[in-house]
Structures are given as structure tokens and as C-alpha cells.
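Below is one structure, written out as C-alpha cells; comments come after it.
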Amino acid sequence: MPGVTFERVGKRFGGSLVLDDVSIEIPEGHLVVFAGPSGCGKSTLLRMLAGLDEPTSGLIRIGDKVVNGVPPRDRDIAMVFQTYALYPHMTVAENIGFPLRMMGIPSHRREGQVAQVAAMLGLTPYLARYPRQLSGGQRQRVAMGRAIVRAPAVFLFDEPLSNLDAALRAQIRVEIARLHREIGATMIYVTHDQVEAMTLADKIVVLDGGRVVQEGAPMEIYSSPATAFVAGFIGAPAMNMITTQVHRGQITLARLRMKVSIPDGLVTVGIRPEHISITTEASSGGIVGRIEWVEALGAESILYVKTESCPNPMRVRVSTSLPASTEVWLLPMREHLHFFGRDGRRQGEAGALVHE
Amino acid sequence: MITPRSRRWVAPGRIGRGWIWFADGPGFPLLMLFPSLIVLGLVIGLPILRAIEMSFDTLNLRRPANNGETGLHNYLRLLADQRAWNALGLSALFMAGSVAGSVGLALAAALLTRRVTRGQALVRLTFLIPWTVPAVVTALVWGVMYDGNFGVVNRMLDSAGLGPGANWLIDRRTALWALLAAQVWNEFPMSFVFLLAGLMAIPTELYESARIDRAGPWSQFRFVTLPQLRPVLAITVVLSMIMGFKAFPIIFVLTGGGPNRATETLTVLTFTTAFRDLDFAYAATLGVLALVVSALMVTGYLRLVARLDDGREVT
Amino acid sequence: MTAIGTFLRWAAIALLATFALFPIYWMLVIAMTPTGFSRSLDGIWPTVFTTENFTRIFAERPMTRWILNSVIVAGLTSALSLLVGTSCGYALSRIRFRGAGALMLLLLVTQMMPATSIIVPLYILFARVGLLDTMQGMVIGHVSLVLPLAIWMSKGFFDRIPSDLDGAARIDGCTRLSAWWYVALPLAAPGLAAIFIYGFVTSWHDFLFAHTLVHTPSRWTAANGIVSFRGEYFTLHEMQMAAALVFAAPVIVIFVLMQRWIVEGALTGSVR
Amino acid sequence: MNHPFLTAVLLASSAVLAPSGTARAEGQLSFLVVDYDAPGMGQWWQLLVETYQSTTGVAIEPRNVSARQYYERLVLETASGTAADVLTVNPNNILELVAGGHLMPLDAMIDAAGLRDRIVPGGFDRLTVDGVTYAVPITGRTLELLYNRCQFEEAGIAAPPTTPQEFLDIAQRLVVVGDDGRVVRFGANMVSGNEDPTYEMLLMWSIAFGGSFSDGQSNFTFDSPPVIEALEFMRAVYDSGAVAKGMMESDLRALFATGGAAMTIDGSWQFPFIQTNNPENFACFASAPVPWDGPSTGGVNMALAVNAKAADPEAAFAFIAMSATPEMQGRFSDFSAYIPYGVNALTDEQRASKPYLEPFLASIGTAHPIFIPGHQDDFNALWPIVVDAVTRTLVDGVPAAESLAQAQSEAVACCAN
């Protein structure tokens, strides 16, 4: 099973630069997620790897082989599309068997393989049906089956779950994870959903504006996001961001003042909702605020707390809920504070609290 | 774990590397475009180029003395040729009339029949029927119907108390309109098909929400149907323009351009210049005029449509 | 809808239908009048019936041959235009290349040039390569009428097929060519059927090319044959109308059988 | 899906590979012939071709063309250099063909074959340009009065008209109006459509009033009193309600043949067609001389010429010469109602069996040509000018003098020598 390498890849469509000098290394057998908002270039990267688009500059390798200019069919890859791209004029069996047919495998030998894959995905009863007669989840499985059947060196997934409802999404996520474990092939998975990214990936590559902004293991990215953008993108609910001034090596958040190892100037302070403790008792170091809105999720709740010091309500994740309008004090956990400079890059660390 | 038992990559039609260059490489656009471009070049491009070349030549079989002399003389003659400009005007009038007539009628027919559920296929077929009749036969049958002496048109007008009718095709006041009626009869089914298809493609939810917003039939037409139909309508109008501008058999068979040139459109004049006056070079010049005018009209019209579409939100 | 509304709608439909059908009806009436006597018809209802004209056109003229010729020419024209035009339509739909827009516009504009202005050069060209007075020549002439339309329409059909399908096919082992052949083409089949019908009818109806490029009566198409009933000595209206009806019959049958495809073809071809 | 497509490919390739229809074998003569497959004249052509083939062994490839398409075909073929070896021509188009260098001078061959004496005197005149003869006349046509004897008798009219005024009076008397006030039968036919027969119609009435379209020096005389008088007369006929208005010639012929009009001025070839299409009433139809003192219009209708580019001019001329032999000429009237140009071509039996031919046989030598002498090659430019003038007066009611003055100036502008 070969790995995949992008080496200084750039892509222009017409006048606009879609990808700019992207280099990524994907070790063999890993499941790597390309994450980022729509338009960040992640799908283009995948399509270029598949051979559906050609890079304007740079090299793409599968294993040791440079695949620039190699047609898709010779790249030994399989791809699951967001739209599934099932052939409407073929039955499920024909759809799954199509790659084999294109390999020149005679039909009697295709049947066995198709049946095996269908059984694995629970599609056996539907083999004679046409895609339009299937539910969304079933179609998704057929698309997977079509990818699996040819046992490619690299699997590509292009937002494969975005057309499914939440329950199915969770279920198939698990199945993809299992599949990866079982066949151990290199997989590249494109999504804008951070949950999928966090749960599936061996490594996440976060893209923004045609550049790689951070790559690393999911927890690594979660715990030390390289930029404000990554910090906002990974983790749900999103990280709270407060813009403030560094003055003589200190910042002030409401009545909370602490030392930071950052040069003076504007700084964005980030704190995840789960890293804020909350109390109804007046606390000297806390930020005072009032609960505006409560999102009860069952096991936990998200509180939206309006404070004086920042225009947007702060999101706080708690296990025991409080009624709206309650006056509360928020205590950010100092060791979990993130600082981002004016360029959005991660900076410095929190130091000791300064008491008045 | 499943592994394909064959890694033999046999792409269909794989013959050799050269073939693959066409089938799956940089040569693919060439492979796909070339057959058409060659055929188009041969059957349309070449004759058009030759026609343009001829327009600078002298090729009069009746007066062969100056044949072979080249220059702009045909174009100079064209500028002063009252008859050609008259023909151009008639072509424009005929085109406008046939667009208005056939698109209008087709739109009416499509709007009337789209919600018909009982006998739908039959009603539609009714409006498609005139399409099955070739233009030349259309001319023949309308000619018989228009006959001023025995024609059924006059007889019907008579029995309806609207008599005594007219000598439709030899009276310069009626000839062009009579031809237009025949042309519209023959051409409207094509527009009908396109507009019907366009109407069927409009989501019913739009009408439902319009009704919830208390839109009456006219408002529904004005604010839902028309904007939704605009792209199809644009294509239909272009096709209808083409047919109206090119119309030949109906005019040629029914009036031959008469009476007194009242129906002598550019197509008819081109034909008679070539085959009656035997002045092939000047006929080619008229053909070039037609080409230029049609190019201007089509691009102008498409620009207009594009500008309208920019101005409003459409689909 | 109110009763009055329904009534008005049907009244309007009936009016339009009368306009559409009356000439056909009149052709039928004339065709069933004894040869030469259609002028003495009175009123709008037929009084005498004869099928003589229908038998005479087959007995006295090579009507069967003409119809056969028309079928051959129209079928070949349409098939050839499809074959060549769909690949071009696919390229225009899928491949970005400079001049694509100009090509589309050019196709449209050449369609507007009256055939009368290219018929002389075409004639000379055909004479040079020996295509005059041949059915092959007529097919090629008709292709010039049908091909641009075939390209335009097929581009419309391919635009409607998601390009992901082509991508999937190529990843599944297809070349670009076989992706077109195995995936895009079968999916465009209803549209291609519509193009075939449009092309067939266009060629079937052509008079100018048939009239100019072929002169041996045994190679005439039916449109030409029908016009020949308007002889120098005599216009045999009754036989002519009978022949015209016989000539229209296959197209009517095609329209009846394929009405859905024609409308859907227009739908996919023109709507977006 | 794949199968129809493959079939299409196969069909298309077979179409491209199929032999082309114009391939011509060596030692073969091509022959542009009008209505070769039609009954009548066509059968005589067939006989000629067969006789020639069996005598000489040279194969003839007849290029059949309908009368309607003939002129276009001739023009296109000569212009593109694909014309047949033997061409059917007529006095209307011979000048332009000669000007284009398409025809071969035939005098030497005509003299060598002794053809001069076998053709009716004057037969070659209209086929001779600047003293050089380019074609051999085969058939002639003139227009005479045709009338429906039964309808005349019914109306109590003893004899066909002999003057224009009588023509008008009798025509009016022969009109039959139905209960609904519409005309059931017209008294006469008069072409007034937008086509060249309308030109001939005015020409013949101009002759009737003692004029023509040109003077002795080939100057146009459209605005001369006889032509004006002729047009006023046509207008009187038109307005009298005795004729059908605006109909094409071929439609008017059908009208006459089926009893819808009682008389017409037309050619002898009408009779066979009446015989085919209205056999029950054929006995009613008769012919008479035109209703005026003076020539009728017509002349050579079809003549044969040799293409200047013919591969084997001798063989081509031999074919033409054969058409003028007494044997072939003697068979002519067995098939065709045209008038042959061979001297004494018709046998007595032929004349007896076709009495309607007599007025035509009498006038063929003296017929007034349709074209304007010296302006043969302008015919196609002139007839629309004349037809426009006729239409202006008949339909729009413009005085004849005014219409014709305009025609005169247009004719001078376009075609004066």
C-alpha cells in the first residue's frame, strides 16, 4: 500500500489561484482528512489526486510514482463522490461490477466478487435494483461498494456523508473507520465537518484559502490550533474569541488580568466552551455575565452568556444546566487559553494571574 | 479482504499508445471535435467561403463579357440597389411576423394545454400535426385554400357573412399576410414543443407559493411563468427567427416574390438572382448580406437576452 | 377552476386545433376527390369519395421508391449527424477550450444563412467531387442542415448529466472516450432519440437540396416527388395531396409513438 | 443503446463507400432530356435512345429532368462544367449558352449529314447566332384556341370566337354562376399569375391588336398603343368576371381540362392530358385558330445541341442527326402532341386520328417568337418586368399606359442594346 505525496502543488482556474504551493505527505495505510470550509481547495486537491484535474504546478506522487498526467484509470485509486455518482442506467450489481468490467474481468467472475462486496455492505437484497429505487444510505453504500470492489491502493472520499441524515452519518462513519481498519489501505477523506474529521482521521490537514494551515493528529490540532481559523474550525461548539489589548505584557479580560508572553498590541484570546468553569457566586477573578439562551442537548448544555467585555455571547459547555437570565461568573481555565496575533497565528502562553 | 483476480487493465478499444493519446490524453478534444469540424467545414464552411469569394467576382451567365473581373463592384451595386434593401426590409418584416405569430400562438397553445389532463396526448398531437407537413407541401395546400376563385378560405368567409374575401396571393395588400399565416401554421408546432417543455419544467411549488401570496392568473403569468420561461423563450425566439429569415419554399411556391415584389424577401431575391438572372456573383453578394445581417441579429438578440437576465434574477 | 373558465379554455383549444387541423383535413378532402375535380368542391364537407388517387400515385409514379429514398436519406442524415454531432456536443459541454462560445454562436449564425446562398457553391463543389445526383450527396447536404442543431441540442443534454459520473467512470477504469461511450451516451439516450427525430424530420422535409442536388427521378426523395405533381401541363392537386398525406403519414406515426421523447427532448435540450 | 449506434456507423460507412451515381463509363453519351419518363414525348425520346443504341452500340445515359427543373439544371450543369454531351436547348436560352461558350457550332456537320432540307423551312433560324447554327430543332409549340364544344353548344354558341371582342363576349356568355353566387364555370382562361406565361398572354393580345414588344431594330415598344390596348383589353376580360383571377397556368389548365372553364388559349399538348385525366368528356374538346388575324406565339420548343466540351462530338451529333431522320420523325406524332420539325413528318393517318393538331400544324412555320428578337438572353429579366406591369393594371387598377410606361423604362434600363 503506497502513500501519497503532494509536492508544492498549485492550481489555477482561469485567473484565480485555488491552491497555492501545497505540500502534504500521507504515509501509507493512514486515513487522512482534508478539512476546511467550502472553497478552501480541499476537493480540488482530491480531484487532482484522482486525475480528474491536473495541477498547474508541483508534483503528485502515489508511492514513488509521479502521477502527473497519468489518467485516473491508471492511478489505482477509488473514489466515493459526495453525489455518489452512481450510474443511473445500471443496476446496483452493474454499478459495483463496473470497475471490474473495465478491467476486462469476464462477467461470471465478476459476479462472485460483486456478491461478496454486496454482502459485506448489506446490499445483497438490492442487487437488481436501480439507484433511483434506493434510499440515500443505500446509495451511499453502493458507492462504497464500487470503490471497495477493485481493491485500490488509495481510497478517496469526497464529503461522502454530507447528503445523509445525522443518524446514518454516524453509523456510516463507524463503518468507514472499520473498513479502514480491515483493509488498511491509504485513505483520503475530504470534509467540512469537524466531527468527521476528529473521529476518523489519523491525521487532519486543515486547509484555508488554498493553503495548508495546519496538519497533525486530531487531538494535537484540537489542543494547539496553529491559527485562529483552525481554532474556530475544529471543535464544536466553536471556540470563544475575544479581542483585547496586550499592555506591558499583560492582558485584561473584564476584571481578570494576567501576564502573557506576547509583545504589546492587539491579541485574540481563544477559549473553548468546555474550558470555562461557571459559578453563580460572585467571584473576584471571574467575568460577570448573564445567561441569554440555553441550548439543552440532554447530557450537556450550551449556555450563551452575555458579558460586558465582548460583543458576542460566550459559549460555555456545562453538564448541569442553569436557567436563562441567571447572573453568572465565568472562569476561563488559564492553561487552556489560546492567543492569536494580528496575523491569526498562535502566540505565546498565559502566565500568572495578576491580582489587583 | 477482496482482491481483483485480474490486474489486466484492458480499456475498451485499447489498441496502442497513439490511440490512447486520443482516447484518454491531450488528444481527446481533438478526437471529439474534429469529425464535426471537418464535416462542418466541408458542408458549411467551404461553401460559405466560396460564396464570399464569388461575391468579389463577376459571374454572370447571361452577360459573360466581364466574367472573371474581380473587385468590390458587387458591393457598390448592392449599396445602390433599391430592390435589395426592399427585400431586406421584407425579410425583416416576414421574420418579425413569423416570430410574433408562431411564438405567440405556440405560447397560447402551450399555456392552454399544459394543465389538460384528459386527452392530453391527443391535444398535444393536434398541435404537432402541422409539423409533419413539409414546407413545400404546406405551400401547395395553402395555395389551394387561398385560391381567389375556388378556394375554401373565401368560401368560408362567404358563408360566415364576411365575404367576398380576396384574391389573397395576387393582391399586394394581402399577399404577405397570407404567406405569414401559412408560415406560422407550419412553424408554430416546433415553438410549441419547446415552450411546453419549458412550462413543464417550472416547479409547481412556485405557483403554489404565488397563490399563497394571492397572485391572480395574470400575476402568476407575469411573475412566475414569464421569468421562469425566459431562457427557453429566448431559444425558441432564436429558432423561430432563423426559420422566418430563411423561409423559402412557402414564399417561392405561393407567390414567387410577387405581386410586384410585395413578397420578395432576401431569400427569394437571392434565388431569382442566381437562377433567373443567372448572376451568381451578385447572388453570392446578397447571400453575404444575409449572413452579415443574420449574424448581427442573432448576436444582438442574444446580448439583449443576456442583459435582461443580468438585470433580473432568473432561475 | 370555474365552469366558465373551463369552457373558455376548451373553446380556445378548439379554435387553435381547428387552425392546426383544417389544412390537413382539406388535404384529405382533396385527396379523396376524383382527379381534377377538387375545384368543383362545394362547401367544406366532402360529397364524393374515391381512393383512386391513392392507388394512382403508387401505380403511376415511383412513390414507393421515393418514400424509400426519403427514409434512407433522412435516416442516414440523422444517424450521421448524431454520430458526429454528439461527440462535438460532449466536447463543448465538458472541455474548456478557447473559442467554444464563438463556435456555438457561429453554428447558430450559419444556420441563419439562407440555403439559397450556399447552394451554388455547394453545387459546384459537389460537381467536382462527383456527389451530384447521388443519395450520398444529398445526405451530406442534409447533414449541413441537421448537424449544427444536433451539436446544440446534444450539448444541452450532456450539460444535464452530472460531470461526477464521467469522473467516477474514469476512476473506475474508463478512458475519457469510454466514459463518454459507457456512461454519458447511454444517459443522453432519450435526448439523442429526440435529436434523431428532429434531424429525421428536417431531412424528410427538405426540398431545396433535394430539388437542386438530385435530378434523376429514381433518386428523388418524396418531397421532390410530390412537387412533381405540379407539372408544366397540369397540376394534379388531388394526387398531389394524396401523395402528401402518404408522405406525412410516417412522420405522424413517429410523432404519435415518440411524442413523450420529443417533448422531453426539447425539455432537456433547451431548458438550461 | 450501443446497437443502434453501431448500426448507424455501419450504415454511414456503407453510404460513403457505395458507388457514386455519376460515375460514367467510357464510350457513353450523356443526354440532358426533359420528361424522359413521362408518357407521350418521353416515349419518343426512349425510342430514339433505343434505336441509337442498337444501331451504333454507343450507350446513352439519359439525364432526365422535369420541365419545371429543366432550366435550373441546364444553368447549374453548364456553369459547373458537368453538363451532358447532348443538351436539350431552346431559342430562349441558346444565346446565353453560346455566350458562355457552352455549345459547339454545328454547321459543318449539319451540311455533311444533309439535315438542312429535312427540317421545316425557318426551323434553324432561331437556333442560329451570328450566322452560326448551334442546334437542331426537334419539337415546336404554338398556342391556339382550345374550347369545350359541348359547353359551347349548351350555351347556343355556334362557332369559336375570331376577334378579341368576340372572345370577351362569348366568355361572358359562357360563365355559369351557382346558387351561392360563386362562379361554377368560367367562360375562359387568362393567365395572370406571377409567372412567365402571363408575359406571353400580353404578347399574344398585343399581336392581336397589331403590335409587338419590339420594333424591327430590337427596340422595346412596351409603351406603344397596341400593347396598351392589349393590356386594357386584358383588364376588361379580368374585370368582366369571365376568367379566374390570379391562377397559375398549370392550375388553369386543370380547370379547363375538367370543364371548369369553357375555352383557353393553349398548346396542343393539352389534348393527351385531357384524354388521360378526363376521358369521358374528351370528345368535347376541340381546337381552333387564335381569335385574331395574325400569328400565334410559339416556335421551337426543344432543340438538341452538342456540348462544347463533349468528349466525342461526332457520336453526339450522330445521335442528333438520327432524331431528324424520316423514320424517327414519322413516329413522332404516335407519341407526342407537340409539332415535329421534320418536313412532312406527320402521316395522313396520324393527322386523321388527331384532328385537333390542324391549327397548330398550320401555324408552326409562321409563329411569332416569345422572346424579343435580339434579346433572347434577356428573357428572364424581361418577363418579370412585363408581369409586374400586368399585375399593376389588373390587380391594382393602375391605367395600362402608366404600367407599361414604367415597364418600358425598366426594360430599357436593364436590357437595351
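As written, the chains take the letters A, B, C and D, and residue 1 is the first residue of each chain.
Quick note on the criterion: a contact is a pair of C-beta atoms (placed from the backbone, for glycine too) under 8 Å apart; a residue touches a chain by one contact, two chains touch by 3 or more.
The shown structure was predicted, so the numbers you read here are calculated from the model rather than taken from an experiment.
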Chains touching both subunit A and subunit D, listed by label: B, C
Furthest chain, CA centroid comparison against subunit B: A
Pair joined by the larger number of C-beta contacts - B-C, B-D: B-C
Where subunit B and subunit C are represented by their mean Cα positions, the distance between them in whole Å: 13
Between subunit D and subunit C, distance of the C-alpha-averaged centres to the nearest whole Å: 36
Approximate Å spacing (C-alpha centroids) for the pair subunit A, subunit B: 54
Where subunit C touches two or more other chains, by residue: 39-40, 83, 120, 124, 170, 173-176, 178, 181, 186, 227, 230, 237
Where subunit D touches two or more other chains, by residue: 72, 79, 180, 251, 260
Numbers and ranges of subunit A residues touching at least 2 other chains: 71, 73, 102-103, 150
Touching chain combinations (by label order): A-B, A-C, B-C, B-D, C-D
Subunit B residues touching subunit D - in the complex, by the definition given at the top: 59, 61-65, 147-150, 155, 158-159, 167, 169-172, 255-261, 272, 275-278, 280
Touching residues (chain side subunit C, partner subunit D) in the complex: 35-37, 39-40, 42, 75-76, 79-80, 82-83, 120, 123-124, 127-128, 130-136, 139, 181, 185-186, 189, 211-212, 215-217, 219, 227-228, 230-237
Subunit C-facing residues of subunit D, complex: 1-2, 5, 7-9, 11-12, 15-16, 18, 20-23, 37, 63-69, 72-73, 76-77, 79-82, 178, 180, 184, 248, 250-251, 253-255, 257-258, 260, 269-270, 273, 277-278
Subunit B - residues contacting subunit C, complex: 9, 11-14, 20, 22-24, 28-29, 31-33, 35-37, 39-40, 42-44, 46-48, 50-51, 54, 105, 108-109, 112-113, 116, 121, 123-138, 140-142, 144-145, 147, 149-150, 152, 155-156, 159, 185, 189, 193-194, 196-198, 200-201, 231-232, 235-236, 238, 241-242, 245-246, 248-249, 266-267, 270-271, 274, 280, 283-284, 286-288, 290-291, 294-295, 297-299, 302, 315
Partner subunit B, residues of subunit C touching it in the complex: 9, 12-13, 16-17, 19-21, 23-24, 26-27, 30, 38-41, 43-44, 83-85, 87-88, 90-91, 95, 97, 105, 107-122, 124-125, 140-141, 143-144, 147-148, 151, 170, 173-178, 180-182, 201, 204-208, 223, 226-227, 230, 237, 240-241, 244, 247-248, 251-252, 255-256, 259, 262-264, 266-267, 270-272
